[in-house]
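Note that the chains take the letters A, B and C in the order they are written out, and that residue 1 is the start of every chain.
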Amino acid sequence: MRSITGEGVRQTHAMLSELLPLQRSEVPTGTQVFDWTVPKEWVVRRAYVVNPRGERILDVQGNNLHLVQYSVGFQGKMELDELDEHLHSLPELPDAVPYVTSYWKPYWGFCLSERQRSELEPGEYSVVIDADHVDGSMTLSEAVLPGEAEDTVLISVNTCHPSMANNDLSGPLVAAFLYRKLADLPVRRLTFRFIFLPETIGSIAFLSRHGADLKRTMVAGYTVTCVGDGAPLTYKRSKHGDTLADRAAAYALGRLDSQLRLRDFWPLGSDERQYCSPGFDLPVGSIMRSVPTEYSEYHTSLDNRDFISFEAMERSVDACFELCRLLDRNLVYRNQRPFGEPKLDRLGLFPTLRTERLVQERVQAGLWLVSLSDGQNDLLAVAERSGLDFWLLAEVASVLESHGLLSV
Amino acid sequence: MRSITGEGVRQTHAMLSELLPLQRSEVPTGTQVFDWTVPKEWVVRRAYVVNPRGERILDVQGNNLHLVQYSVGFQGKMELDELDEHLHSLPELPDAVPYVTSYWKPYWGFCLSERQRSELEPGEYSVVIDADHVDGSMTLSEAVLPGEAEDTVLISVNTCHPSMANNDLSGPLVAAFLYRKLADLPVRRLTFRFIFLPETIGSIAFLSRHGADLKRTMVAGYTVTCVGDGAPLTYKRSKHGDTLADRAAAYALGRLDSQLRLRDFWPLGSDERQYCSPGFDLPVGSIMRSVPTEYSEYHTSLDNRDFISFEAMERSVDACFELCRLLDRNLVYRNQRPFGEPKLDRLGLFPTLRTERLVQERVQAGLWLVSLSDGQNDLLAVAERSGLDFWLLAEVASVLESHGLLSV
Amino acid sequence: MRSITGEGVRQTHAMLSELLPLQRSEVPTGTQVFDWTVPKEWVVRRAYVVNPRGERILDVQGNNLHLVQYSVGFQGKMELDELDEHLHSLPELPDAVPYVTSYWKPYWGFCLSERQRSELEPGEYSVVIDADHVDGSMTLSEAVLPGEAEDTVLISVNTCHPSMANNDLSGPLVAAFLYRKLADLPVRRLTFRFIFLPETIGSIAFLSRHGADLKRTMVAGYTVTCVGDGAPLTYKRSKHGDTLADRAAAYALGRLDSQLRLRDFWPLGSDERQYCSPGFDLPVGSIMRSVPTEYSEYHTSLDNRDFISFEAMERSVDACFELCRLLDRNLVYRNQRPFGEPKLDRLGLFPTLRTERLVQERVQAGLWLVSLSDGQNDLLAVAERSGLDFWLLAEVASVLESHGLLSV
């Protein structure tokens, strides 16, 4: 029974702790976070309906999507037409049970497939919802991989949606395995900060505590969601659209997925809309495969384990890892012998005997680097302009740096 | 006998005063206005030619286009070949009488159709031009609709061309009816300033008196000309091309005419070339249907009542009105709760129970507004970027403002 | 035996001195020029191979490409397989002798056609290279055409490649005849500075002496190379890509060659890579026909007199001359009567009797000039924006200037 608060989400964070060292923090019910208030915890002990034949149906024991999230407690009998006002189904997807929430307005309701709904017989139904809203707290977790610099890359994922696989079991899983790959790196220049929290209220609460800190240290950030399905990668740009986060994502994700889809920012979506709000205006984009609201299984029981695959999640981890590595390596160099070309043959970066017309890419890389390293262009800019591979440029830049020709 | 000065143009202004409260001013002959001097008034009592058969032809009584504008007085007899040097016709339009002027160089001449010219018989002709150039003044009129702010939208039209319908009876008529629609608005934020004047010398004289004032107050301006024919709307951009005048015209006119043609500035045309001169550099574009010089009836007797329609002029009024309303409503908001999203469900701008995937446009509008209202983007920028309708955004912005979430 | 230093290149400069008044300077062997050191002079007295039949082959007397440039002295006998390690040929061009250099690493080698190489019989060969590297100097030449202003246009060409026609006999020849055409102009506003030097080391040495001076005075510069073949013109932009050098070249060369190919900067090529190095960052592009490395005759014995033509070089001279003239005439005007339009009919630049719809290009030119002359736009910008011819605009600008309406 995971939701935006409560034991279910705490268990989720506990299980994720097996994968990475999460530091959990709790924000008490009633805490004011900007324009919002942290809600009570939702406790559901039992919830089901008994049909006129005496059969128990729509039991949350079998499928926790049957109960509208944050439903208030209720017990009573009623005819089908009265019950029907509290039922939710999707005519366009007759076999899917929709995922419906009412976090902020007291309500109760059940969700079921259109097919099941059409088979409900007239007669008297008993509704049993043994649920409470109690004072407690909202759970947020963090895991920080410190780097040589305080400059920070943020990875933000959601842990609130119950039962759904792509949206959003895939985000936390990909983040966890990304953490492990980054933790294995021998050195990291940048700090990588992973946060796991409920959507919207969670990121707003996080910003209320850490927003100023993020504003000071963040160089790029991403929400990661719906990364387990079979679609090509999608990158949704930050509000400014041309930040380092955006340039690096377009380059690195495009390297690993030639079908990468780039989309401009829009103010719906996941927590990027909080990070990009005008008061913070952080460079945060969103990494997805299928886009929430745009795939038919979205927010239904069809967004299940069959809809995602470990293989797709692994490729998502690889893409995010490539992106993080690239950010980590993306230095701005300054040519230390900027007057004319340095004599690169001494470094093996220019042929002494020129017999072929085609100039090696390594030679081209060296020339582009000494030409563009004016203290303004980062390696990514050199890669974008030259068309040469980022990692070739990075390797040649290291050679040039070790000989004192470039410096950071 | 309307021209750039004189009784004809004064009668025109008097007739327009029946439609809107014009304030007339007179600029005396000989007044220096920048590089120009206000000319004498042109008084024509009689003008015609008597052909060898004794018939009176080319009589201004029948068609005031027959006499070259500002012709000097002349009386004399001559053979056809001598007369012919003073005749003007259009071989490519054999039935049209051209409109010819010689404001700045003493000259006399007659205009006639190519057909009529070809039928002139040899023999002796008498020319009678009973005309004078006398000290007087040039007539300019203004009508100002004050708004809450001094910020001003200028609408500038010409009243000098005699007998021609599209160019330019249509401009003054559209301006007059636009005035009336704007006057009916219960409130106006902006001031709308309508000016009626002869082309070129009129706007230069106006600028010599009011240019500094316009420079201080004008937020957008338009010349309106040739707006009575059946062609789609044309918008000619101001010299800078990306001013508020240009952005608003492209958006608002494009809403009402999907065939709107956008043209970059060029320094011929109507009075926009005076307003955009480097000394003033005002944000003034031009609203047209057919473009002067580019339609074959231009500056001939064929630009007559048959060439225009009330229906086209009404649509022109509607388009200009939409543009003016949009400018009037185009505020720059600042989000007053800029840290994370405000809790919009309290305002009915976010669903508490989310059962449909499609998010209402009103909800989208609210989110775009809180996201982009950083004190830099005007409503038009939000409309351009979001693709949402300006007026939907304006209405939702009012809701947000009334709840203190946005402020100007 | 021309190379980057020595008597051969001095003879070349002496021969060029018959075409234009070159001022020669010598940079001594061992001089440190930024990251480089001026090399010793290379003196070759004899160089050939004797085959097993006793025949002298690969003799530099017959073709100086046979010896790898800067080969060290060597005398010895060896079997074919040992000799083969010092041979260079091009399998893809079986009849071409390649041009190979080893300026910076001691080495000896011979170049020959693939066909000849395949016919070498086994047996003992004698190698004779009677050559030395001796202290001396590197030869640079300059010719400066002073103008009214110190503002300078640089034309830079290479004199080091032996025997090759397009790359690069054509560059020095075109530069020399361009000099003569510019010298014939009655007045020049700009100073034109022509430099003749060996590639890379020459321009680096020149920059070490005159770089600060160029930085202060240069308004545009061009390397000119491979301008004798039959391909359309190519212009390679400077590193910034939008400097005056680039705008003027795109316009002027495009006027004379509708097939002009525009290419963005890349850091291989000729000496533009030295001029554009970050320490100098000069506005220098490159004018070519075929692009070095991209035509198959490049750096082989096939880049010979048959590959180029006087006709192509003449057209190259004309294109460069047009470019230089345009730069010389490209003033920034300021409208002296900027309030409204000046009364242009007084200057014959506006019709007093307007009878035709088509407005003369001269009239359009006058209006564009008074409209855009705000002290920011140069004549080229007026030409680019108006679509009118640069020289028409220049002529009309002179009329306007002579009447005090424009000033520089």
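Going forward, contacts are C-beta pairs under 8 Å (C-beta built on N, C-alpha and C of every residue); 3 or more make two chains touch, one makes a residue touch a chain.
This is a predicted model, so every value here is computed, not measured.
S.K.: When you check each chain against subunit A and subunit B, which touch both of them?
M.R.: Per touch definition, common to subunit A and subunit B: C.
S.K.: Between copies subunit A and subunit C, are the contact residues mostly the same numbers or mostly different, with half as the line?
M.R.: Different, since under half the interface numbering is common to both chains.
S.K.: Where the CA atoms of subunit A average out and where those of subunit B average out, how many Å apart are those spots?
M.R.: Their C-alpha centroids are separated by 54 Å.
S.K.: So what's the Cα centroid distance for subunit A and subunit C, whole Å?
M.R.: 54
S.K.: Indicate the residues of subunit C shared as contacts by at least two other chains.
M.R.: Residue numbers touching two or more other chains: none in subunit C.
S.K.: Could you list, by residue number, the parts of subunit B that touch subunit C in their complex?
M.R.: Per the stated touch rule, the residues are 33-36, 68, 88, 98, 100-105, 107, 109, 200, 203-204, 207-208, 211, 239, 266-268, 273-274, 276-281, 293, 298-299.
S.K.: Quick check: in the complex, which residue numbers of subunit C touch subunit B?
M.R.: 335, 337-343, 345, 352-355, 357-359, 364, 367-368, 370-374, 386
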